[in-house]
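Here the structure is laid out as structure tokens; the discussion comes afterwards.
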Amino acid sequence: MTRVAIQGATGYTALELMRILLRHPEVKITAITSRSERGHVTSVHPSLAERLNLSFENLSAEELGKRADVCFCCLPHVASMESVPQLLAAGLKVIDLSADYRLSDPGVYEQWYGHVHTDPTRLGSTIYGLPELFGDQIPGQELIANPGCYTSTSILALAPLLKAGLIEPTGIIIDAKSGVSGAGRSPKTNLLYCECNESISAYGVGTHRHQPEIEQVLTASSGNTVDVIFTPHLTPMDRGILATIYASPTNNVPAGVYLEQLGGFYADKPFVRVVEHLPKTKDVAFTNYCDVTVRTSKDRVIVIAALDNMIKGAAGVAVQNFNLICNYPETTALL
Amino acid sequence: MTRVAIQGATGYTALELMRILLRHPEVKITAITSRSERGHVTSVHPSLAERLNLSFENLSAEELGKRADVCFCCLPHVASMESVPQLLAAGLKVIDLSADYRLSDPGVYEQWYGHVHTDPTRLGSTIYGLPELFGDQIPGQELIANPGCYTSTSILALAPLLKAGLIEPTGIIIDAKSGVSGAGRSPKTNLLYCECNESISAYGVGTHRHQPEIEQVLTASSGNTVDVIFTPHLTPMDRGILATIYASPTNNVPAGVYLEQLGGFYADKPFVRVVEHLPKTKDVAFTNYCDVTVRTSKDRVIVIAALDNMIKGAAGVAVQNFNLICNYPETTALL
Amino acid sequence: MTRVAIQGATGYTALELMRILLRHPEVKITAITSRSERGHVTSVHPSLAERLNLSFENLSAEELGKRADVCFCCLPHVASMESVPQLLAAGLKVIDLSADYRLSDPGVYEQWYGHVHTDPTRLGSTIYGLPELFGDQIPGQELIANPGCYTSTSILALAPLLKAGLIEPTGIIIDAKSGVSGAGRSPKTNLLYCECNESISAYGVGTHRHQPEIEQVLTASSGNTVDVIFTPHLTPMDRGILATIYASPTNNVPAGVYLEQLGGFYADKPFVRVVEHLPKTKDVAFTNYCDVTVRTSKDRVIVIAALDNMIKGAAGVAVQNFNLICNYPETTALL
Amino acid sequence: MTRVAIQGATGYTALELMRILLRHPEVKITAITSRSERGHVTSVHPSLAERLNLSFENLSAEELGKRADVCFCCLPHVASMESVPQLLAAGLKVIDLSADYRLSDPGVYEQWYGHVHTDPTRLGSTIYGLPELFGDQIPGQELIANPGCYTSTSILALAPLLKAGLIEPTGIIIDAKSGVSGAGRSPKTNLLYCECNESISAYGVGTHRHQPEIEQVLTASSGNTVDVIFTPHLTPMDRGILATIYASPTNNVPAGVYLEQLGGFYADKPFVRVVEHLPKTKDVAFTNYCDVTVRTSKDRVIVIAALDNMIKGAAGVAVQNFNLICNYPETTALL
């Protein structure tokens, strides 16, 4: 049995995390924190009624260290890099769901997030928690940087083809569509029902922070400098990401070769399904699966991947990382 | 040509109003005000690009009086009763879309809105702008209290049957379902896309402010004290109200009698359609129509009415009132 | 380990059932049938890729009897009463999700379903599978009539208050709102996305087949003849039912008394949550919970209940019944 | 006053067309046809109650010729090319909303539509009804090929940049997202609410019939052979198309140059708005506008365009063509 704390437990990701962890036979949630809320968990998350009998607390890292073995940090970026060193000092293992430990270069972090990184020495050494690529390095870690949702979708689609040298590492276009939950639970006008419903739009064209994250991880995993153009879109649905990715083939090979490479790469990975049909986000909604397929058209390879941004894109992969760290079977609570 | 100003022009109702007025051949929009915004109208309402070349201004009533002949006041309640007397004093005709001039009794206002009414003498004398009931009193008025959206739906469904004595005036149950736009454009957590989407819920059970408004108008128009139980529901759609209303018949008459009474009552009213089928809110979306039908089941008369809360429930009826005040044909810009 | 077959496995209910059963540690799905489909389960349900490696077959009851211990029958009504006697004869335990064994009177069945019941002797004796009311009679049964979705919502809200004599058994008004999945997966024009989206409407006013089912079960469980007016509404969301129920109190008691009675009645029932806040269907989406609360307004008791029509209203309660029949803990695979 | 008939009037496009034409001061709708329906228009389109008092008829071209001056043909492809020659022979001017007269090469038609074209001589000479490009050729025509919805979006975004030689004509990637109404009103399983809602997916990758149409028109208008990769996506909303288009610049020029070229090109076109912000489909919903903007990222020009597929993508542009043919002001009934 592992005692688990959740720091920053009022958001959608934390809710999803609690839902999953409550099905985990080896987990006991022992603390949930919030800077602003003090009520029972159901005052913010009524869906957890009779599931979790805890109230939000404002706990120090030290107190969390006494209460729990592992802490899922769901704070926003910047807040996270202030908290994580303290949590580690308090003896906790930490899975950080913010962006603060994903980039390996403090300069790149500062450029994209507009803040000097205050814990730069951990940047290079923190493992990027995408188990399909780095699963063998995760057990035994004390800190895991949980990946971004767009990032995971894009990397899972591209890494096998890049590693095999089947597509060019440059000029890749990632046109990604996400449900609204990815934007969080803050009361902003642009996230109101009547703003998002019945509307799709691009945002952050060329400026979204998942772009350098995608490039960094694909570059590291393939050994070639990867550059991508990344365009996210806000789509009128709660959850789901679909990435439609356009790449140039290195050689003229039949379409089946790409599918085969993907199939082989993920043959023993429980949460990536290489499929022949065009995946819908609904196929993977409320699951930890990422569905991937590939098509060719004229001189392009088109890779299409779908996952649930709240689960495989956030809380589910966090539990997958947790399982690996704690030596539980990787799929526990995730099927 | 009538010069029109819109006070409080950043919200959804004001946007809808501008869309309608821009199709009105006898209207020129000359001013739009906001307490906080100063940019071009498209900075808040991009859908008006190349339609309206005005910027938000913070104008006094006096300045508005120089710019316009008629002012649509889209301020929230309380703010409205501070502004309206000044607008009238500046020589403007005013159509007030807030609740401030709908109730005729200052005590009832204070009880339901929690504020002392600061312009109580106008309460008794202001005409309630539901043209299907009070259309003959509207021409020549200087101030019109534009009705609430739930209120209009409920009154249009019930008034003809109450007036004819076909249903009991007490014990009426109004179960109403509204799209999210009725709640406005303020950034509140409970109005976020991910809170409203894929969810329906009741709110304000027994405490919604449209309840006394419904009772007042139905009592006044039928001559009997009407009391209702009113339950609003937040429905995952942008716009539309459906009211399902349960009343007790006064006599045992065939179902067709109710439909006939409704049909006769609205025979010469251009915006109420008495239909035989069960209306969907989509049938009236983006129109100024209210569709009504009636069924009987066991010992109950069930009246069902649908309208677009943003149009027939707010901006459309406001323009209908405007047309009547200014002696334009009632349907101008509304078909 | 129990071997389970699903008859009529192409619909939404069957999909939901498979999703739940795949998480059940004591279940092995051994056969899925369809009259029309012959492909792999993923050809219809791509979300089950790598979860279930079965193809649709057209199996006789005898063949199913060799393959499985328990059969969930997801056929439409009429087809179900043809199949169930054969399944029982083949030695299977059967949980029937159709309406064919829910009503106890063949005459009432014929009146509402327009078909002579061909297995009338089982009608009186088949247990109605609502575990919160009839849980002690379910273990040991060979056939369970799984309840209707609107029915469960209504009964769970009303039964405790009727049993305690706190509300009048007649004149009850049930205004219910359902997501579209309740209407099934047949390609009908009125179920198209563009017909349902952004629209709410009543249907089957006074004629919906769940009305006699509600009355029968509430009458049986309370000992008084219960009559209700039932109005279903099609709501633009995938799943969820909200019932807003208006009843007359028998005595003038404080509102808290009703909540207390509900709380006491369901104190040891794992899947009904008596809450103080107004439940949203989203609170119970993708769960087997029914959330219930109560309000009073003027002379009415208003009971509000929410559940997921696909889970607590269909597949989840079916597994709950399965657990009781097979002596597994009631909550297995359902939390 | 022009008498107008609508052939194939049961679908969504025809409904939209009727809504617009009913606001047209110079139009009288005199006939609506259907092969299967015979009831009043409201039996299929209840939203037209009290707006249009016509019933569906099965009229020959000759009969239509007596009843009307202009016929909007809303038949599906193949049916359209059987009807159009007869309509023309009967003296009608025809605006054909199908794909049958859009492609100029009968061989290309056969390749993409799988049918031999039975009216091939008209293919080369029929004007493609995109007024922003071919507006000066439309007046006086007897037959107009109304453009496809994806096509118009893509062409309006690209044509000015291609004409100016600012982007390369090859390797263009069009990633387009459409609301569900574009798929029509036929009862197909994949168009059910519960299939489309809360889901986004690509379809017809590399095989969608609007691809050759886009290429043909852009090639003709720019004078260079244009080739595109076109990927449509089904998006959970009623209406709207967003095209995110990736092209390679021919020279290294500042981003503002592209926007300026677009702005200049459309300066006197009433229905294309070149904007600086990223357009949402909601900005143009229920309007005849197409909003376009442009961004640069790394070595790519990203053009983003949004329109309402039912209006500017179908019925609205059809009325725009009608206005030009009949010498009415181009914007009549469309603002």
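By letter and in written order, the chains are A, B, C and D; residue numbering begins at 1 in each of them.
Please note the rule applied: contacts are C-beta pairs under 8 Å (C-beta built on N, C-alpha and C of every residue); 3 or more make two chains touch, one makes a residue touch a chain.
It should be emphasised that the depicted structure is a prediction, and the values quoted were computed from it without experimental measurement.
Visitor: With respect to inter-chain C-beta contacts, which pair, A-D or A-B, contains the greater number?
Guide: Contact tally favours A-D.
Visitor: With centres defined by CA atoms only, which chain is the most remote from subunit C?
Guide: Farthest from subunit C by mean C-alpha position: D.
Visitor: Would you kindly tell me how far, in whole Å, the mean C-alpha position of subunit D lies from that of subunit B?
Guide: 36
Visitor: Could you state the distance in Å from the CA-based centre of subunit A to that of subunit D?
Guide: Roughly 39 Å, centre to centre.
Visitor: Which integer distance in Å separates the CA centroid of subunit A from that of subunit B?
Guide: Those two chain centres are 45 Å apart.
Visitor: Quick check: what residues of subunit C touch more than one other chain, meaning two or more?
Guide: Touching at least two other chains: 195, 197-198, 236-238, 279-280, 282, 285.
Visitor: List the residues on subunit A that touch subunit D in their complex, please.
Guide: Spelled out, the residues of subunit A in touch with subunit D are 171, 173, 175, 177, 179, 195, 197-203, 205-206, 227, 229, 231, 233, 235-240, 242, 244, 246, 278-283, 285, 295-300, 302, 304, 306.
Visitor: Mind pulling up the subunit A residues that touch subunit B in the complex?
Guide: Interface residues on the subunit A side: 12, 180-181, 185, 187-189, 191-198, 236-238.
Visitor: Which residues of subunit A touch subunit C once you look at their complex with the stated criterion?
Guide: Counting only subunit A, the residues touching subunit C are 22-23, 46-47, 49-51, 198, 273, 275, 277, 279-280, 282-287, 289, 291, 335.
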